[in-house]
């Protein structure tokens, strides 16, 4: 019974996905023996960075084209704790959107495959002079079209 | 036009509040020159810890009484960026609840007094054997009663 | 022309070694575009943890036998900067010692194989009541003997 | 019996000093209940940043004059552990040097005034194109002269 963070339209193409793995570090664990809640944005970012690379929209690539995509919203649901040396997988699912924003859902699973954490982030688009963009730039609209037409599957 | 993260009942007592200040560190700033989005849980925690101390429900105090209050939900709205050496104030507002949970709203303001970041956290109550509590323990219900009756103002 | 952090005796067995790999994260990079100097203890720890596991003296294993090994000295030489997305290897070399201490040297290499960072750590031995040990406990002396006799190679 | 990290010449002026205070955060404490050893570079930096501001050689000021001063060596001696909510003071002592380098010693004291941690850092001087400087730039030599002549006391 997973929460729906984003509500797709019936004709939207499937989310783009990528997965990262990570071993819980000693330094990430708090005095109660579990990963401190504030470390999870780092876990999410590992999968987001892999996803952006996989689909050729990495931070530096976008920056080279004049586009910056700061995070405007972040949400985390903590379901099961993670502990030292736990091997986790982090899945990022980028949901389709035609707007000048990037909507990503995250699912962290522990070594037993149980869902330990879920969440989402919303990124806006800005040019390098900190102006918010109302519509995505042309090269990104091409990316959206390709996605809609199954060219990224 | 501030978002309402929690919806109070008409007769609820006012939130309990506390404020922390903090100077943005070099290490917190990313290559784009702004505080990396994943540092904000630490900012929120500074104010939450002050609030819990102020009202005598500090982590160690609760732990000594057999109560652990892990964070189950965390949300952040990024409105304005923070930069190196910015002096910020972080306000924590604990909203009234009779349930076995702790609902806190956060407001970060920059040196100019502008709201830079808002968000909230939800904490559940567990005993030290990781059993979720359905109702708050007696000492905490006393705390709630005192709050309702104006004894914490 | 590598620095000698530890001076072996002529008959000491070779160091025990292990290697970890790591991809530089966005959050680790400072406004100057390089990994902030204070992140390197985390890099060193990745290789130290792998080494301790490889030779069956992991933190939790030692703790289970009543032994705690806090770090008492840490040193870092910064030779070349690391940048976002750099893929690095971290080598830990545990130097032979009969004393109640653990001496480890670290070598971080960038993707081109150049030495980017070196350093060392010294750990003391304590029991779980925070008493410093003058000599290593029996099970650890067995470990030292095995090492001396080539049983760990 | 404090270690001498730097050996002054007989006629050197006294070190320049500054102090920062800090409250140990929950997130900084490891599963053993003490501040994780890798957090101390952040503690040192708090005092170093205050010192640089106090004597008008802040990072951004130097950068504006074309000077970058990356850390090339860092050393830490861990004497006593720090725990959650400990209030510590961090003293930075910049030792006199005519060379194109910045030598700083650090002393962390706990609330009881006991020395908990000491260490040092060495920074080199570079221009903004990553060229190592053999001699300090003219404005910094003026700073050294002023220091030698008692103008910074």
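All chains are identified by letter, namely A, B, C and D, in their written order; residue positions are counted from 1 within each chain.
Heads up, the rule we're going with is that a residue touches a chain if its C-beta (ideal position, glycine included) is under 8 Å from a C-beta of that chain, and two chains touch if they have at least 3 such contacts.
Predicted model only: the values in this text are computed from it and were never measured.
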What chains, if any, are shared contacts of chain C and chain D? A, B
With centres defined by CA atoms only, which chain is the most remote from chain C? B
Please report how many Å separate the Cα centroid of chain B from that of chain C, as a whole number. 38
Centre-to-centre distance between chain C and chain A (centres being mean Cα positions), rounded to whole Å: 33
Compute the distance, rounded to whole Å, between the mean C-alpha positions of chain A and chain B. 25
Would you give the residues of chain C that are in contact with at least 2 other chains, written as numbers and ranges? 26-27, 38, 42, 45, 84
Give the list of chain C residues in touch with chain B in this complex. 26-27, 29-31, 33, 36, 38, 84
Chain A-facing residues of chain B, complex: 32, 34, 37-38, 40-42, 45, 68, 70-78, 81
Chain C partner contacts - residues on chain A that touch it in the complex: 25-27, 42, 45-46, 49, 59-60, 84-85
